[in-house]
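When the chains are written out, they are named A, B, C and D in that same order, and each has its own residue count from 1.
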Amino acid sequence: MDKAIPLENKTEFDESVPRVSSLKRFRRVLLSRKLVVFGLIIIVTSIIAAVFSPLLAPYDPYAFSLKDKFLSPSLSHPLGTDALGRDVLSRLIYGTRTSLIVGIGVVGIASLVGMSLGLVAAYFGGKVYTMIMRFIDTLMTLPMLMLALAIASLLGGGLRNVVVALSIAMIPAYARMMCGQALSVKENDYVRAAEAEGASNIRIMAQHIAPNCFPPLIVMMTMQLGHAILSEAALSFLGIGVAPPAAAWGAMVNDGYKYLHTTPYLSFFPGIAIMLLVFAFNMVGDGLRDALDPRLRGTL
Amino acid sequence: MNATESDILVEVNDLKMHFPVLRGLLKRQVASVQAVDGVSFKIRRGETLGLVGESGCGKTTTGRCVLRLYDPTSGQIVFDGHDITHLKKQQIRPIRREISLIFQDPFSSLDPRQTAGQIVGEPMKIHKLTQNDSEYQDTLAELFKTVGLDPAMLDRVPHEFSGGQRQRIGIARALASQPSLIVCDEPISALDVSIQAQIINLLQELQEGNEGLTYLFIAHDLSVVRHISDRVAVMYLGRIVELTEAVNLFDNPKHPYTRALLSAVPIADPVFEESREWIPLEGEVPSPLNPPSGCTFHPRCQFVMEKCKKISPVLKETEPGHEVACHLVK
Amino acid sequence: MSVLMEVKNLKTYFNTEAGLVKAVDGVSYHINENETIGIVGESGCGKSVTQLSTIQLIATPPGRIVEGGVFFEGRDILKLEKNGQEMRSIRGGKISVIFQEPMTSLNPVMTIGRQLTEAIELHLKMTKEDAKKRAIELLDLVGIPSAKQRLSDFPHQFSGGMRQRVMIALGLSCNPRIIIADEPTTALDVTTQAQLLKLMQDVVREFKASLVIVTHNLGVVARYVERIYVMYAGRIIESGSCKDIFAHPRHPYTMGLLRAVPRLNEPKGKKLVPIVGLPPNLLNMPDTCAFLPRCPYAVEKCRQIPWPELRTLENGVHQTACHLDF
Amino acid sequence: MKTYILRRLIQSAVVVILVTIGVFLIMRMLPGDPVLLYVGMDDVNAATTPEEIAALRAEFGLDEPLLKQYLDWIKGAVEGDLGYSFLLETDVADEIKNAMPKTLLLGFVAFSISLLIGIPFGIIAAVRRGTWIDSLVTVLANIGITAPIFWVGIMLIHVFGVKLGWLPTQGYTSVFDDSLLGIKKLIMPIICLTVFPLSGIARQTRSAMLEVTKQDYIRTAWSKGLTEFAINMRHAFRNSVIPVITLAGLQIRAIFGGQVLIETVFNIPGMGRLAVEGLQNQDYAIVQGVILLIALLVTLTNLLIDISYGFIDPRIRYS
């Protein structure tokens, strides 16, 4: 056996934990599920369709041609034509614009307003919290669709007003989520540390609380993009939304409903389009959740 | 030991921190949690005062009052000759630079979305301590080296560090504003045994290398507190029951609670353990919502007298440098 | 003293996102009748996983018991079907566990009484009334005042210390032969810790059971256990009687641990000697001694030979996994 | 517990008051003057004078100060008078009395089916995590929460109504008048209304179960040697119920929202269609009434759900 002799210790610094690239991990987890990749493809395709509608659409989506009405799907009109002889495929492609504009607009406005309200309520607590939360509760007594319907009617239809109405209807979801997140993030010692350093309220909220609330909210925003598109479709199905000649998927389903007995595919295709895009956003949301925070895996 | 005025960095007089308990429909205050109930102590410049006790004894609350993270219910906190008890948020800023804090949990105490450099640099930015960017970067690198971290790791985020390294980042952050007092709130209890000694030694070395750096060291582990502190205050239910030199604490404990507490700590020495007397402590710590009358320790004290149930003993010096709050001790 | 349970060459691996973690990598130990042993080590050394593996309480996936045998009452209980009837009658019936977190280890929406009687009814085949009587006796035994009334209380109505007493009652409820206490007092205050460890010591004697205390606290083992196994990086690196190990540690890691912890009875002003570096990352472990990068005594030979097996020292009981002599 | 219930009651009351104020103000701001609309309907009276209009205003109390109008409206509403619909020329209360049972029946049946099917499937998916049944439940649930239900309704009508001719596609018949026809007419609307909440509840149950399974007390339950079934049902499920109930509360609201669409698709004279028609015709007395009642119903169900937490979770009961 060797005799032990203590050696002088040489390490000046601790060795660090092996570095894992969070971006790499994010990409790997995100792309590891087929449905997420499928969703991403659908979303990218839709964005391309929306941006390049005039180039991609085979026909003018607004051009009537009464002699071509109710054509069955064929080579020249892959998805057929509607009651006014307009090409359904072209209208679907243009409809992507409506859906995406509404989705992005609504989620943008609702998340900005809702998250600010939630953050302020959680950070200051007390009376501020009570006031904001009762306001949110009040908005939440009506079904989202009914609230949006009422507001849109009040404002008088049109794409912009639909965006505003849906935004207001979606504010509560963000406010509540953000409030819950902020309340728990607020309890972390690093917020205490910032207070002890003498940081201002704004600095604490903007630098320390808000960024740490984001991961679940980003997931929620992605899923709400789908939800907003679905709600816009519902509103336009009820006849509230973009002005008639413009293409909206929900309105197309409704148009087709009138001719269900003869040409069921008029309703079928726009419905499938809605479902695909909403499904895509949900799947990507799911994937983002796994990729952003492994601890959240398997939860809602 | 007679300390002159300028030797005293912190003076806490009859500090009380009561948290209201709101109940019922109208959220009326029905009671209060007497987390800290009349605590007085002084910390000399350059010394380490240990604050020890079991959970709920008020040691953390005391620390947070000194940091002015809480507004004390009553009493007085004097820091470096200034009464800071009632300073407003804006007025307290300069004091925040002077007093910093090290936390227990190396995970929740660092913002996971900031890099180690941003975390450590934040106090410097808030208090505008550096003139330009290169000075800022140099100071940061210097701080990293001081706490034994490689400055090359400045741009890494907390989850890339181990628990011990994270605690080093926390210490660097506390040092960044060049404070004269650091409140260390259980700084090592979340760390592995083999890492604890690294942090204890680091804290001691920092004090040796920095004349006048003062610690208020809060912990529940008596061995650690005794090891690192010059003087130790033992707290029970919001009050200090005994305050003495660290050596005295183990060799000559006076308060029955201190004795029971010391005997409850197992020592990593089986031979010594066999010869030790264990003073059992019955029951649990009463709720600070409704503390016992008189001496709060009387329901669990084996030497309880009639007097103890009625009159709350005051903390008084029984020997030079040894203060005890017990009717038994003359 | 006869051997009650013997664990041989136990290996438990975890498949994680980052790769294969060999949490327990060839652990052998035994427990005698009416004995208290201590398993000591820092977090991540595999001490808890080892214990949970013996009664197949490892979630699969990600965990997996790869190899080894646990011999208890004449058979290898690792060979039993994981959630089969036989394994379940051992788990909770013959071998019980007291977990670390009293705040989260009891079901928040079930009364204390029901949580106790459910196990009693199952293993002791008692009627509801008898099980309830036994539950009251057990709560009395572990020092819960007015046990009968408290039976219908929920966990959140108890303090941390009281919950851990309930956990102890639960551990005792079916007259087990072995009680595994996994860091039973880590989350509790030192005076409560002393009360509960004393209580466990007493009741284990009364029930003629053996106790395994899993802990990182060297003081706790020094005070309460007879034999110690020290674990590092998924293996036992030193074992022996409590007194031997504290008086004359024979592995650099154990020596380092003892020097790194301040003691109440040491002279004031003594410098601590920390163990440098970090605990090992269990991914991609080299074949050499896992303590090598942190070892102040390392010699060239340490880098050339594989991690030494445990070898028995002169007195025939003390074992170390280091080829150096101290 | 008493305080908890009382506090929830008061919070609900505050919300109800806020809702009435909100509804009142919004409806007063809606485009279209009700008097002009009322007058304009009679082509014969096209040349109504401003004096006559003012008289009509006074008659309907529209020239009073807003606060008085509001208080009058509340007073009336409490007494069961929700105003008069100029367009339908009936009392709003009567309209709603007709419409409400249909909406409630549809909603109640759809909600019950969602719970009865959603919860068991969520549990099965969680317990058999990673198996084909989990994948199937998860994929179906994911499709369920994305499908536009008005489109699902139309497709059902196409297949079962038009092509197969098995089910009637339009209208509502009371089951008391003609049980078979009544039930047949309910089948498709209820399927549509069930799709979304059922999927949501199944997803939530699954994720809540998976979350609970990670908890320490489940490990304790395993260490007692209980069977997997006992652990899942007695321990895991009972703890998973709370998030499921929270979601179920939100789903009640979503079902009411869905009825706006489904009653339109299937031509059922319920509250949803009443609201849509009211909005399209700017008949705000009707809209006001419907919205008020829906808001009350939602608030009431939220209150019931909050109180039910108290019974399920002892931590709330004894706080």
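Just a few scattered comments:
We take it that a contact is a pair of C-beta atoms (placed from the backbone, for glycine too) under 8 Å apart; a residue touches a chain by one contact, two chains touch by 3 or more.
Given the structure is predicted, the values throughout are model-derived calculations rather than measurements.
Comparing the CA-atom centres of all chains against that of chain C, the greatest distance is found for D. Of all chains displayed, A has the C-alpha centre closest to the centre of the whole protein C-alpha set. Separating the CA-averaged centres of chain B and chain C is a span of 32 Å. Mean C-alpha positions place chain A and chain D at a centre distance of 23 Å. The centroid of the Cα atoms in chain C and the matching centroid in chain D are 54 Å apart. For the pair chain A and chain B, the distance between C-alpha centroids works out to 47 Å. Multi-chain contact residues of chain C (touching two or more other chains) are listed as 276, 278.
The set of chain B residues touching two or more other chains comprises 162, 164-165.
Chain C contributes residues 42-43, 159, 161-162, 189-195, 198, 216-224, 242-243, 246-247, 256-265, 268, 270-276, 278-279, 294 to its touches with chain B in the complex. Chain D makes touch with chain C in their complex at residues 215-217, 219-228, 230, 234-235, 238-239, 312-315, 318. Taken together, the chain B residues at the contact with chain C in this complex read 54-55, 162, 164-165, 192-198, 200-201, 220-224, 226-228, 246-247, 250, 260-273, 278, 280-281, 284-285. Within the complex formed with chain D, the residues of chain C that make contact are 55, 57, 83, 87-93, 96-97, 99, 101, 104-110, 118-119, 122-123, 154, 156-157, 167, 170. Within the complex formed with chain D, the residues of chain A that make contact are 35, 134-135, 137-138, 140-146, 149-151, 153-154, 156, 226, 230, 233-234, 237-240, 250, 253-254, 256-257, 260-261, 264, 267-268, 270-271, 274-275, 278-279, 282-283, 286, 298-300.
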